[in-house]
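Please read through the structure below; I'll follow up with questions.
In this document, chain identifiers A, B, C and D correspond to the written order of the chains, with residue numbering beginning at 1 in each.
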Amino acid sequence: MAYDATLGLVVDVLGDELARAHVLVEDRHKQPMGLVHGGLLASVAEALGVRATAAAVAAEGGAARGLSSQTSFLRPLFGGTLRAEARRRHRGRTTWLWEVDLAGDDGRLCALVRVTVAVVPAPG
Amino acid sequence: MAYDATLGLVVDVLGDELARAHVLVEDRHKQPMGLVHGGLLASVAEALGVRATAAAVAAEGGAARGLSSQTSFLRPLFGGTLRAEARRRHRGRTTWLWEVDLAGDDGRLCALVRVTVAVVPAPG
Amino acid sequence: MAYDATLGLVVDVLGDELARAHVLVEDRHKQPMGLVHGGLLASVAEALGVRATAAAVAAEGGAARGLSSQTSFLRPLFGGTLRAEARRRHRGRTTWLWEVDLAGDDGRLCALVRVTVAVVPAPG
Amino acid sequence: MAYDATLGLVVDVLGDELARAHVLVEDRHKQPMGLVHGGLLASVAEALGVRATAAAVAAEGGAARGLSSQTSFLRPLFGGTLRAEARRRHRGRTTWLWEVDLAGDDGRLCALVRVTVAVVPAPG
(Lines give C-alpha, C1' and ligand atoms only; values in the text may rest on other atoms or scores of the structure.)
Protein backbone atom coordinates (compact mmCIF):
# COMPACT_ATOMS: atom_id res chain seq x y z
CA MET A 1 0.00 0.00 0.00
CA ALA A 2 3.01 2.22 -0.65
CA TYR A 3 1.37 5.02 -2.61
CA ASP A 4 -1.60 5.09 -0.26
CA ALA A 5 0.85 5.53 2.62
CA THR A 6 2.61 8.31 0.71
CA LEU A 7 -0.76 10.09 0.58
CA GLY A 8 -1.78 9.27 4.14
CA LEU A 9 -4.91 7.48 2.98
CA VAL A 10 -6.90 5.70 5.70
CA VAL A 11 -9.53 3.20 4.54
CA ASP A 12 -12.51 3.04 6.91
CA VAL A 13 -14.95 0.75 5.09
CA LEU A 14 -14.15 -1.65 2.27
CA GLY A 15 -17.36 -3.38 1.24
CA ASP A 16 -18.38 -4.63 -2.17
CA GLU A 17 -21.10 -1.98 -2.53
CA LEU A 18 -19.82 0.86 -0.35
CA ALA A 19 -16.36 1.97 0.65
CA ARG A 20 -15.09 4.91 2.68
CA ALA A 21 -11.71 6.48 3.29
CA HIS A 22 -10.25 9.71 4.62
CA VAL A 23 -7.09 11.76 4.56
CA LEU A 24 -6.06 14.26 7.22
CA VAL A 25 -5.00 17.18 5.03
CA GLU A 26 -1.47 18.47 5.57
CA ASP A 27 0.61 21.06 3.77
CA ARG A 28 2.21 18.33 1.64
CA HIS A 29 -1.20 17.72 0.00
CA LYS A 30 -1.55 21.28 -1.23
CA GLN A 31 -0.69 23.27 -4.30
CA PRO A 32 0.86 26.74 -4.22
CA MET A 33 -2.43 28.63 -3.76
CA GLY A 34 -3.05 26.70 -0.51
CA LEU A 35 -5.74 24.42 -1.92
CA VAL A 36 -5.73 20.65 -1.70
CA HIS A 37 -4.21 19.44 -4.97
CA GLY A 38 -6.66 17.96 -7.44
CA GLY A 39 -4.35 15.00 -7.93
CA LEU A 40 -4.95 13.96 -4.34
CA LEU A 41 -8.71 13.84 -4.92
CA ALA A 42 -8.30 11.74 -8.05
CA SER A 43 -5.80 9.47 -6.27
CA VAL A 44 -8.01 8.86 -3.25
CA ALA A 45 -10.98 7.92 -5.43
CA GLU A 46 -8.90 5.66 -7.65
CA ALA A 47 -7.36 3.93 -4.64
CA LEU A 48 -10.71 3.37 -3.00
CA GLY A 49 -12.44 1.97 -6.09
CA VAL A 50 -9.58 -0.37 -6.95
CA ARG A 51 -9.07 -1.58 -3.39
CA ALA A 52 -12.76 -2.23 -2.82
CA THR A 53 -12.99 -4.20 -6.05
CA ALA A 54 -9.81 -6.12 -5.25
CA ALA A 55 -11.09 -7.05 -1.80
CA ALA A 56 -14.38 -8.28 -3.26
CA VAL A 57 -12.92 -10.48 -5.99
CA ALA A 58 -9.91 -11.86 -4.10
CA ALA A 59 -11.78 -14.90 -2.81
CA GLU A 60 -12.52 -16.01 -6.39
CA GLY A 61 -8.90 -15.57 -7.44
CA GLY A 62 -9.40 -12.15 -8.99
CA ALA A 63 -7.41 -8.96 -8.85
CA ALA A 64 -8.35 -5.39 -9.79
CA ARG A 65 -6.77 -2.76 -11.99
CA GLY A 66 -7.93 0.76 -12.79
CA LEU A 67 -9.22 1.33 -16.33
CA SER A 68 -10.30 4.96 -16.19
CA SER A 69 -11.24 7.78 -13.86
CA GLN A 70 -13.21 10.96 -14.48
CA THR A 71 -12.89 13.70 -11.90
CA SER A 72 -15.00 16.88 -11.69
CA PHE A 73 -13.67 19.46 -9.26
CA LEU A 74 -16.56 21.36 -7.68
CA ARG A 75 -15.23 23.37 -4.74
CA PRO A 76 -11.77 24.07 -3.38
CA LEU A 77 -10.77 22.38 -0.14
CA PHE A 78 -8.32 24.19 2.15
CA GLY A 79 -7.74 21.82 5.04
CA GLY A 80 -9.34 19.58 7.66
CA THR A 81 -10.29 16.04 6.75
CA LEU A 82 -10.99 14.91 3.20
CA ARG A 83 -13.63 12.18 3.19
CA ALA A 84 -14.36 9.85 0.28
CA GLU A 85 -17.40 7.64 -0.14
CA ALA A 86 -17.56 5.20 -3.03
CA ARG A 87 -20.80 3.58 -4.15
CA ARG A 88 -20.68 0.72 -6.63
CA ARG A 89 -22.95 1.39 -9.59
CA HIS A 90 -22.08 -1.56 -11.83
CA ARG A 91 -20.76 -5.06 -11.23
CA GLY A 92 -20.00 -6.71 -14.53
CA ARG A 93 -18.08 -9.87 -15.22
CA THR A 94 -14.96 -7.97 -16.25
CA THR A 95 -15.51 -4.39 -15.04
CA TRP A 96 -16.87 -2.70 -11.94
CA LEU A 97 -17.85 0.95 -11.79
CA TRP A 98 -17.80 3.16 -8.68
CA GLU A 99 -19.00 6.71 -8.16
CA VAL A 100 -16.99 8.46 -5.48
CA ASP A 101 -18.10 11.58 -3.60
CA LEU A 102 -15.37 13.66 -1.97
CA ALA A 103 -16.17 16.20 0.72
CA GLY A 104 -14.54 18.25 3.45
CA ASP A 105 -15.48 18.86 7.08
CA ASP A 106 -18.62 20.78 6.19
CA GLY A 107 -19.92 17.81 4.24
CA ARG A 108 -20.22 19.74 0.99
CA LEU A 109 -19.04 18.01 -2.16
CA CYS A 110 -15.64 19.12 -3.39
CA ALA A 111 -15.31 16.58 -6.21
CA LEU A 112 -17.05 13.71 -7.97
CA VAL A 113 -15.05 10.85 -9.45
CA ARG A 114 -16.21 7.95 -11.59
CA VAL A 115 -13.79 5.04 -11.39
CA THR A 116 -13.94 2.03 -13.72
CA VAL A 117 -12.01 -1.02 -12.58
CA ALA A 118 -11.07 -4.15 -14.50
CA VAL A 119 -11.35 -7.52 -12.81
CA VAL A 120 -8.41 -9.68 -13.90
CA PRO A 121 -7.04 -13.03 -12.77
CA ALA A 122 -4.72 -12.65 -9.79
CA PRO A 123 -1.07 -13.01 -10.82
CA GLY A 124 0.76 -16.16 -9.85
CA MET B 1 4.74 23.13 -4.82
CA ALA B 2 4.18 20.92 -1.78
CA TYR B 3 2.13 18.12 -3.36
CA ASP B 4 4.36 18.06 -6.43
CA ALA B 5 7.34 17.61 -4.08
CA THR B 6 5.48 14.83 -2.27
CA LEU B 7 5.21 13.06 -5.63
CA GLY B 8 8.75 13.85 -6.78
CA LEU B 9 7.48 15.69 -9.86
CA VAL B 10 10.12 17.45 -11.95
CA VAL B 11 8.88 19.96 -14.53
CA ASP B 12 11.14 20.11 -17.60
CA VAL B 13 9.23 22.41 -19.97
CA LEU B 14 6.44 24.82 -19.05
CA GLY B 15 5.29 26.57 -22.21
CA ASP B 16 1.84 27.82 -23.09
CA GLU B 17 1.37 25.18 -25.82
CA LEU B 18 3.60 22.36 -24.63
CA ALA B 19 4.72 21.22 -21.20
CA ARG B 20 6.79 18.28 -20.03
CA ALA B 21 7.53 16.72 -16.66
CA HIS B 22 8.90 13.46 -15.28
CA VAL B 23 8.96 11.39 -12.11
CA LEU B 24 11.64 8.89 -11.20
CA VAL B 25 9.49 5.97 -10.07
CA GLU B 26 10.15 4.66 -6.55
CA ASP B 27 8.43 2.08 -4.42
CA ARG B 28 6.37 4.81 -2.75
CA HIS B 29 4.60 5.43 -6.06
CA LYS B 30 3.35 1.85 -6.40
CA GLN B 31 0.30 -0.10 -5.41
CA PRO B 32 0.44 -3.59 -3.89
CA MET B 33 0.77 -5.47 -7.20
CA GLY B 34 3.99 -3.55 -7.93
CA LEU B 35 2.49 -1.24 -10.56
CA VAL B 36 2.73 2.51 -10.55
CA HIS B 37 -0.48 3.74 -8.89
CA GLY B 38 -3.04 5.23 -11.24
CA GLY B 39 -3.43 8.18 -8.91
CA LEU B 40 0.14 9.21 -9.66
CA LEU B 41 -0.59 9.34 -13.37
CA ALA B 42 -3.70 11.47 -12.84
CA SER B 43 -1.80 13.71 -10.41
CA VAL B 44 1.12 14.31 -12.73
CA ALA B 45 -1.16 15.28 -15.61
CA GLU B 46 -3.29 17.54 -13.42
CA ALA B 47 -0.22 19.27 -12.00
CA LEU B 48 1.28 19.81 -15.42
CA GLY B 49 -1.85 21.24 -17.03
CA VAL B 50 -2.61 23.57 -14.13
CA ARG B 51 0.98 24.77 -13.74
CA ALA B 52 1.42 25.43 -17.45
CA THR B 53 -1.81 27.41 -17.57
CA ALA B 54 -0.89 29.32 -14.41
CA ALA B 55 2.50 30.24 -15.82
CA ALA B 56 0.94 31.48 -19.04
CA VAL B 57 -1.73 33.69 -17.47
CA ALA B 58 0.27 35.06 -14.54
CA ALA B 59 1.50 38.09 -16.46
CA GLU B 60 -2.10 39.20 -17.05
CA GLY B 61 -3.02 38.77 -13.39
CA GLY B 62 -4.60 35.36 -13.85
CA ALA B 63 -4.38 32.17 -11.86
CA ALA B 64 -5.38 28.60 -12.77
CA ARG B 65 -7.52 25.97 -11.11
CA GLY B 66 -8.38 22.45 -12.25
CA LEU B 67 -11.96 21.88 -13.41
CA SER B 68 -11.86 18.26 -14.51
CA SER B 69 -9.59 15.43 -15.55
CA GLN B 70 -10.29 12.26 -17.50
CA THR B 71 -7.72 9.51 -17.29
CA SER B 72 -7.60 6.35 -19.41
CA PHE B 73 -5.13 3.76 -18.18
CA LEU B 74 -3.67 1.85 -21.13
CA ARG B 75 -0.68 -0.16 -19.93
CA PRO B 76 0.80 -0.87 -16.53
CA LEU B 77 4.09 0.81 -15.64
CA PHE B 78 6.45 -1.03 -13.30
CA GLY B 79 9.36 1.34 -12.83
CA GLY B 80 11.92 3.58 -14.50
CA THR B 81 11.00 7.13 -15.41
CA LEU B 82 7.43 8.27 -15.97
CA ARG B 83 7.34 11.00 -18.59
CA ALA B 84 4.40 13.34 -19.22
CA GLU B 85 3.88 15.56 -22.22
CA ALA B 86 0.99 18.01 -22.28
CA ARG B 87 -0.25 19.64 -25.47
CA ARG B 88 -2.72 22.49 -25.25
CA ARG B 89 -5.78 21.84 -27.40
CA HIS B 90 -7.96 24.80 -26.45
CA ARG B 91 -7.31 28.28 -25.14
CA GLY B 92 -10.56 29.97 -24.25
CA ARG B 93 -11.15 33.10 -22.27
CA THR B 94 -12.07 31.19 -19.12
CA THR B 95 -10.90 27.63 -19.74
CA TRP B 96 -7.86 25.93 -21.23
CA LEU B 97 -7.75 22.28 -22.22
CA TRP B 98 -4.66 20.05 -22.30
CA GLU B 99 -4.19 16.51 -23.52
CA VAL B 100 -1.47 14.75 -21.62
CA ASP B 101 0.37 11.63 -22.81
CA LEU B 102 2.10 9.54 -20.16
CA ALA B 103 4.76 6.99 -21.07
CA GLY B 104 7.54 4.92 -19.54
CA ASP B 105 11.13 4.30 -20.61
CA ASP B 106 10.10 2.38 -23.73
CA GLY B 107 8.12 5.37 -24.95
CA ARG B 108 4.86 3.44 -25.12
CA LEU B 109 1.75 5.20 -23.82
CA CYS B 110 0.66 4.09 -20.37
CA ALA B 111 -2.13 6.63 -19.92
CA LEU B 112 -3.95 9.52 -21.60
CA VAL B 113 -5.35 12.37 -19.52
CA ARG B 114 -7.52 15.27 -20.61
CA VAL B 115 -7.21 18.18 -18.18
CA THR B 116 -9.54 21.19 -18.22
CA VAL B 117 -8.31 24.23 -16.33
CA ALA B 118 -10.19 27.39 -15.31
CA VAL B 119 -8.50 30.74 -15.66
CA VAL B 120 -9.47 32.88 -12.67
CA PRO B 121 -8.29 36.24 -11.32
CA ALA B 122 -5.21 35.85 -9.14
CA PRO B 123 -6.11 36.19 -5.43
CA GLY B 124 -5.06 39.32 -3.61
CA MET C 1 -36.41 21.38 -29.84
CA ALA C 2 -35.47 20.16 -33.29
CA TYR C 3 -32.77 17.63 -32.40
CA ASP C 4 -34.84 16.28 -29.52
CA ALA C 5 -37.68 15.75 -31.99
CA THR C 6 -35.29 14.02 -34.38
CA LEU C 7 -34.50 11.59 -31.56
CA GLY C 8 -38.09 11.23 -30.36
CA LEU C 9 -37.19 12.46 -26.88
CA VAL C 10 -40.10 12.98 -24.50
CA VAL C 11 -39.43 14.98 -21.33
CA ASP C 12 -41.55 13.84 -18.40
CA VAL C 13 -40.17 15.85 -15.47
CA LEU C 14 -38.07 18.99 -15.65
CA GLY C 15 -37.24 20.10 -12.12
CA ASP C 16 -34.16 21.88 -10.86
CA GLU C 17 -33.00 18.83 -8.88
CA LEU C 18 -34.53 15.95 -10.80
CA ALA C 19 -35.47 15.47 -14.42
CA ARG C 20 -36.82 12.51 -16.37
CA ALA C 21 -37.27 11.70 -20.04
CA HIS C 22 -37.88 8.68 -22.24
CA VAL C 23 -37.54 7.51 -25.83
CA LEU C 24 -39.57 4.76 -27.42
CA VAL C 25 -36.84 2.80 -29.19
CA GLU C 26 -37.28 2.29 -32.92
CA ASP C 27 -35.06 0.82 -35.61
CA ARG C 28 -33.75 4.27 -36.48
CA HIS C 29 -32.08 4.45 -33.04
CA LYS C 30 -30.03 1.31 -33.57
CA GLN C 31 -26.63 0.42 -34.92
CA PRO C 32 -25.99 -2.49 -37.29
CA MET C 33 -25.76 -5.15 -34.55
CA GLY C 34 -29.33 -4.29 -33.47
CA LEU C 35 -28.33 -2.45 -30.31
CA VAL C 36 -29.45 1.03 -29.38
CA HIS C 37 -26.67 3.34 -30.58
CA GLY C 38 -24.47 4.76 -27.85
CA GLY C 39 -24.85 8.20 -29.35
CA LEU C 40 -28.54 8.15 -28.50
CA LEU C 41 -27.76 7.51 -24.85
CA ALA C 42 -25.25 10.37 -24.73
CA SER C 43 -27.69 12.64 -26.57
CA VAL C 44 -30.60 11.95 -24.26
CA ALA C 45 -28.52 12.66 -21.17
CA GLU C 46 -27.05 15.83 -22.64
CA ALA C 47 -30.48 17.09 -23.68
CA LEU C 48 -31.99 16.39 -20.28
CA GLY C 49 -29.22 18.07 -18.28
CA VAL C 50 -29.13 21.16 -20.48
CA ARG C 51 -32.89 21.54 -20.65
CA ALA C 52 -33.38 21.12 -16.90
CA THR C 53 -30.69 23.73 -16.22
CA ALA C 54 -32.14 26.09 -18.81
CA ALA C 55 -35.61 25.80 -17.32
CA ALA C 56 -34.27 26.54 -13.84
CA VAL C 57 -32.25 29.63 -14.73
CA ALA C 58 -34.62 31.16 -17.30
CA ALA C 59 -36.46 33.25 -14.71
CA GLU C 60 -33.21 34.98 -13.75
CA GLY C 61 -32.32 35.69 -17.37
CA GLY C 62 -29.97 32.77 -17.74
CA ALA C 63 -29.49 30.20 -20.46
CA ALA C 64 -27.66 26.87 -20.44
CA ARG C 65 -24.99 25.31 -22.63
CA GLY C 66 -23.31 21.92 -22.38
CA LEU C 67 -19.66 21.95 -21.31
CA SER C 68 -18.86 18.26 -21.16
CA SER C 69 -20.38 14.81 -20.93
CA GLN C 70 -18.90 11.51 -19.82
CA THR C 71 -20.75 8.38 -20.78
CA SER C 72 -20.05 4.85 -19.54
CA PHE C 73 -21.88 2.13 -21.45
CA LEU C 74 -22.76 -0.74 -19.11
CA ARG C 75 -25.21 -3.03 -20.87
CA PRO C 76 -26.60 -3.19 -24.38
CA LEU C 77 -30.21 -2.17 -24.92
CA PHE C 78 -32.15 -3.86 -27.72
CA GLY C 79 -35.56 -2.20 -27.67
CA GLY C 80 -38.50 -1.12 -25.57
CA THR C 81 -38.43 2.21 -23.76
CA LEU C 82 -35.23 3.97 -22.83
CA ARG C 83 -35.67 5.91 -19.60
CA ALA C 84 -33.36 8.63 -18.32
CA GLU C 85 -33.29 10.08 -14.83
CA ALA C 86 -31.04 13.05 -14.08
CA ARG C 87 -30.14 14.08 -10.56
CA ARG C 88 -28.42 17.40 -9.97
CA ARG C 89 -25.24 16.96 -7.96
CA HIS C 90 -23.85 20.50 -8.09
CA ARG C 91 -25.33 23.95 -8.50
CA GLY C 92 -22.59 26.51 -8.84
CA ARG C 93 -22.80 30.09 -9.94
CA THR C 94 -21.57 29.30 -13.45
CA THR C 95 -21.86 25.51 -13.78
CA TRP C 96 -24.35 22.84 -12.85
CA LEU C 97 -23.58 19.13 -12.81
CA TRP C 98 -26.05 16.30 -13.39
CA GLU C 99 -25.63 12.56 -13.10
CA VAL C 100 -27.93 10.74 -15.47
CA ASP C 101 -28.94 7.08 -15.16
CA LEU C 102 -30.22 5.38 -18.30
CA ALA C 103 -32.17 2.14 -18.13
CA GLY C 104 -34.43 -0.07 -20.21
CA ASP C 105 -37.72 -1.77 -19.45
CA ASP C 106 -36.17 -4.12 -16.89
CA GLY C 107 -34.92 -1.16 -14.88
CA ARG C 108 -31.29 -2.23 -15.10
CA LEU C 109 -28.72 0.47 -15.84
CA CYS C 110 -27.52 0.53 -19.42
CA ALA C 111 -25.40 3.69 -19.13
CA LEU C 112 -24.28 6.41 -16.74
CA VAL C 113 -23.66 9.94 -17.98
CA ARG C 114 -22.19 12.92 -16.14
CA VAL C 115 -23.25 16.16 -17.76
CA THR C 116 -21.69 19.53 -16.90
CA VAL C 117 -23.66 22.57 -17.99
CA ALA C 118 -22.62 26.23 -18.15
CA VAL C 119 -25.04 28.90 -17.02
CA VAL C 120 -24.67 31.88 -19.34
CA PRO C 121 -26.66 35.09 -19.86
CA ALA C 122 -29.62 34.56 -22.17
CA PRO C 123 -28.95 35.99 -25.63
CA GLY C 124 -30.76 39.15 -26.56
CA MET D 1 -26.55 1.95 -40.12
CA ALA D 2 -29.99 3.19 -39.05
CA TYR D 3 -28.98 5.69 -36.37
CA ASP D 4 -26.16 7.04 -38.54
CA ALA D 5 -28.74 7.59 -41.29
CA THR D 6 -31.03 9.32 -38.81
CA LEU D 7 -28.19 11.73 -38.13
CA GLY D 8 -27.12 12.11 -41.74
CA LEU D 9 -23.61 10.86 -40.99
CA VAL D 10 -21.35 10.35 -44.00
CA VAL D 11 -18.17 8.34 -43.44
CA ASP D 12 -15.31 9.48 -45.70
CA VAL D 13 -12.35 7.45 -44.43
CA LEU D 14 -12.47 4.31 -42.32
CA GLY D 15 -8.91 3.20 -41.64
CA ASP D 16 -7.52 1.39 -38.62
CA GLU D 17 -5.48 4.43 -37.53
CA LEU D 18 -7.47 7.33 -38.97
CA ALA D 19 -11.13 7.82 -39.78
CA ARG D 20 -13.11 10.78 -41.03
CA ALA D 21 -16.79 11.61 -41.35
CA HIS D 22 -19.00 14.63 -41.86
CA VAL D 23 -22.56 15.82 -41.39
CA LEU D 24 -24.22 18.57 -43.35
CA VAL D 25 -25.88 20.53 -40.56
CA GLU D 26 -29.63 21.05 -40.85
CA ASP D 27 -32.20 22.52 -38.52
CA ARG D 28 -33.06 19.07 -37.19
CA HIS D 29 -29.55 18.87 -35.65
CA LYS D 30 -29.99 22.00 -33.56
CA GLN D 31 -31.20 22.89 -30.09
CA PRO D 32 -33.53 25.81 -29.37
CA MET D 33 -30.78 28.46 -29.25
CA GLY D 34 -29.84 27.61 -32.84
CA LEU D 35 -26.64 25.75 -31.98
CA VAL D 36 -25.77 22.27 -33.14
CA HIS D 37 -26.87 19.96 -30.33
CA GLY D 38 -24.06 18.52 -28.23
CA GLY D 39 -25.58 15.08 -28.56
CA LEU D 40 -24.87 15.14 -32.28
CA LEU D 41 -21.19 15.76 -31.64
CA ALA D 42 -20.99 12.91 -29.15
CA SER D 43 -22.95 10.65 -31.52
CA VAL D 44 -20.74 11.35 -34.52
CA ALA D 45 -17.58 10.62 -32.56
CA GLU D 46 -19.00 7.44 -31.05
CA ALA D 47 -20.18 6.21 -34.44
CA LEU D 48 -16.83 6.90 -36.06
CA GLY D 49 -14.73 5.20 -33.37
CA VAL D 50 -16.94 2.13 -33.20
CA ARG D 51 -17.25 1.76 -36.97
CA ALA D 52 -13.53 2.16 -37.58
CA THR D 53 -12.74 -0.44 -34.94
CA ALA D 54 -15.40 -2.80 -36.29
CA ALA D 55 -14.05 -2.50 -39.83
CA ALA D 56 -10.52 -3.25 -38.63
CA VAL D 57 -11.32 -6.34 -36.58
CA ALA D 58 -13.99 -7.87 -38.84
CA ALA D 59 -11.47 -9.95 -40.79
CA GLU D 60 -10.38 -11.70 -37.59
CA GLY D 61 -13.97 -12.41 -36.57
CA GLY D 62 -14.25 -9.49 -34.19
CA ALA D 63 -16.95 -6.93 -33.60
CA ALA D 64 -16.85 -3.60 -31.76
CA ARG D 65 -18.93 -2.05 -29.01
CA GLY D 66 -18.62 1.34 -27.32
CA LEU D 67 -17.40 1.30 -23.72
CA SER D 68 -17.20 4.99 -22.92
CA SER D 69 -17.03 8.44 -24.44
CA GLN D 70 -15.84 11.74 -22.98
CA THR D 71 -16.87 14.88 -24.80
CA SER D 72 -15.59 18.40 -24.14
CA PHE D 73 -17.56 21.13 -25.90
CA LEU D 74 -15.25 23.99 -26.85
CA ARG D 75 -17.09 26.30 -29.23
CA PRO D 76 -20.66 26.48 -30.48
CA LEU D 77 -21.34 25.46 -34.07
CA PHE D 78 -24.20 27.17 -35.90
CA GLY D 79 -24.28 25.52 -39.31
CA GLY D 80 -22.30 24.44 -42.33
CA THR D 81 -20.52 21.11 -42.33
CA LEU D 82 -19.46 19.34 -39.17
CA ARG D 83 -16.26 17.39 -39.75
CA ALA D 84 -14.92 14.65 -37.50
CA GLU D 85 -11.43 13.19 -37.56
CA ALA D 86 -10.61 10.22 -35.36
CA ARG D 87 -7.06 9.17 -34.59
CA ARG D 88 -6.41 5.85 -32.90
CA ARG D 89 -4.27 6.28 -29.81
CA HIS D 90 -4.35 2.74 -28.42
CA ARG D 91 -4.83 -0.70 -29.89
CA GLY D 92 -5.07 -3.26 -27.14
CA ARG D 93 -6.16 -6.85 -27.31
CA THR D 94 -9.62 -6.07 -25.95
CA THR D 95 -9.96 -2.28 -26.21
CA TRP D 96 -9.14 0.43 -28.75
CA LEU D 97 -9.05 4.12 -27.95
CA TRP D 98 -9.73 6.96 -30.39
CA GLU D 99 -9.40 10.70 -29.98
CA VAL D 100 -11.85 12.53 -32.18
CA ASP D 101 -11.56 16.19 -33.19
CA LEU D 102 -14.75 17.92 -34.35
CA ALA D 103 -14.65 21.16 -36.29
CA GLY D 104 -16.81 23.39 -38.46
CA ASP D 105 -16.17 25.06 -41.79
CA ASP D 106 -13.54 27.40 -40.34
CA GLY D 107 -11.50 24.43 -39.16
CA ARG D 108 -11.57 25.49 -35.52
CA LEU D 109 -12.21 22.80 -32.94
CA CYS D 110 -15.74 22.74 -31.59
CA ALA D 111 -15.39 19.58 -29.51
CA LEU D 112 -12.96 16.85 -28.47
CA VAL D 113 -14.19 13.32 -27.81
CA ARG D 114 -12.30 10.34 -26.44
CA VAL D 115 -13.97 7.09 -27.43
CA THR D 116 -13.06 3.73 -25.91
CA VAL D 117 -14.25 0.69 -27.85
CA ALA D 118 -14.36 -2.95 -26.80
CA VAL D 119 -13.34 -5.64 -29.28
CA VAL D 120 -15.65 -8.61 -28.84
CA PRO D 121 -16.24 -11.81 -30.82
CA ALA D 122 -18.65 -11.26 -33.69
CA PRO D 123 -22.08 -12.72 -32.90
CA GLY D 124 -23.12 -15.89 -34.70
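Note that a residue touches a chain if its C-beta (ideal position, glycine included) is under 8 Å from a C-beta of that chain, and two chains touch if they have at least 3 such contacts.
All values derive from a computational prediction rather than experimental measurement.
K.L.:
Could you pull out the chain whose C-alpha mean position is farthest off from that of subunit A?
P.N.:
Relative to subunit A, the chain whose C-alpha centre sits farthest away is D.
K.L.:
At what distance in angstrom does the C-alpha mean of subunit D lie from that of subunit C?
P.N.:
That pair's centroid distance is 19 Å.
K.L.:
Roughly how far is subunit B from subunit C, going centre to centre by Cα mean, in whole Å?
P.N.:
31
K.L.:
Residues of subunit D that contact two or more other chains, please.
P.N.:
Residue numbers touching two or more other chains: 68, 70, 72, 116.
K.L.:
Have a look at which chains touch which and call the overall pattern line, ring, star, complete or other.
P.N.:
complete
K.L.:
Using the touch definition up top, name the residues of subunit B that touch subunit C in the complex.
P.N.:
It is residues 68, 70, 116 of subunit B that touch subunit C.
K.L.:
In their shared complex, at which residues does subunit C touch subunit A?
P.N.:
Residue list for subunit C touching subunit A: 70, 72, 74, 89-90, 92, 97, 99, 109, 112, 114, 116.
K.L.:
Under the touch definition given earlier, write down the residues of subunit D that touch subunit C in their complex.
P.N.:
Residues of subunit D touching subunit C: 1-7, 27-33, 35, 37-40, 42-44, 46-47, 50, 63, 65-73, 76, 123.
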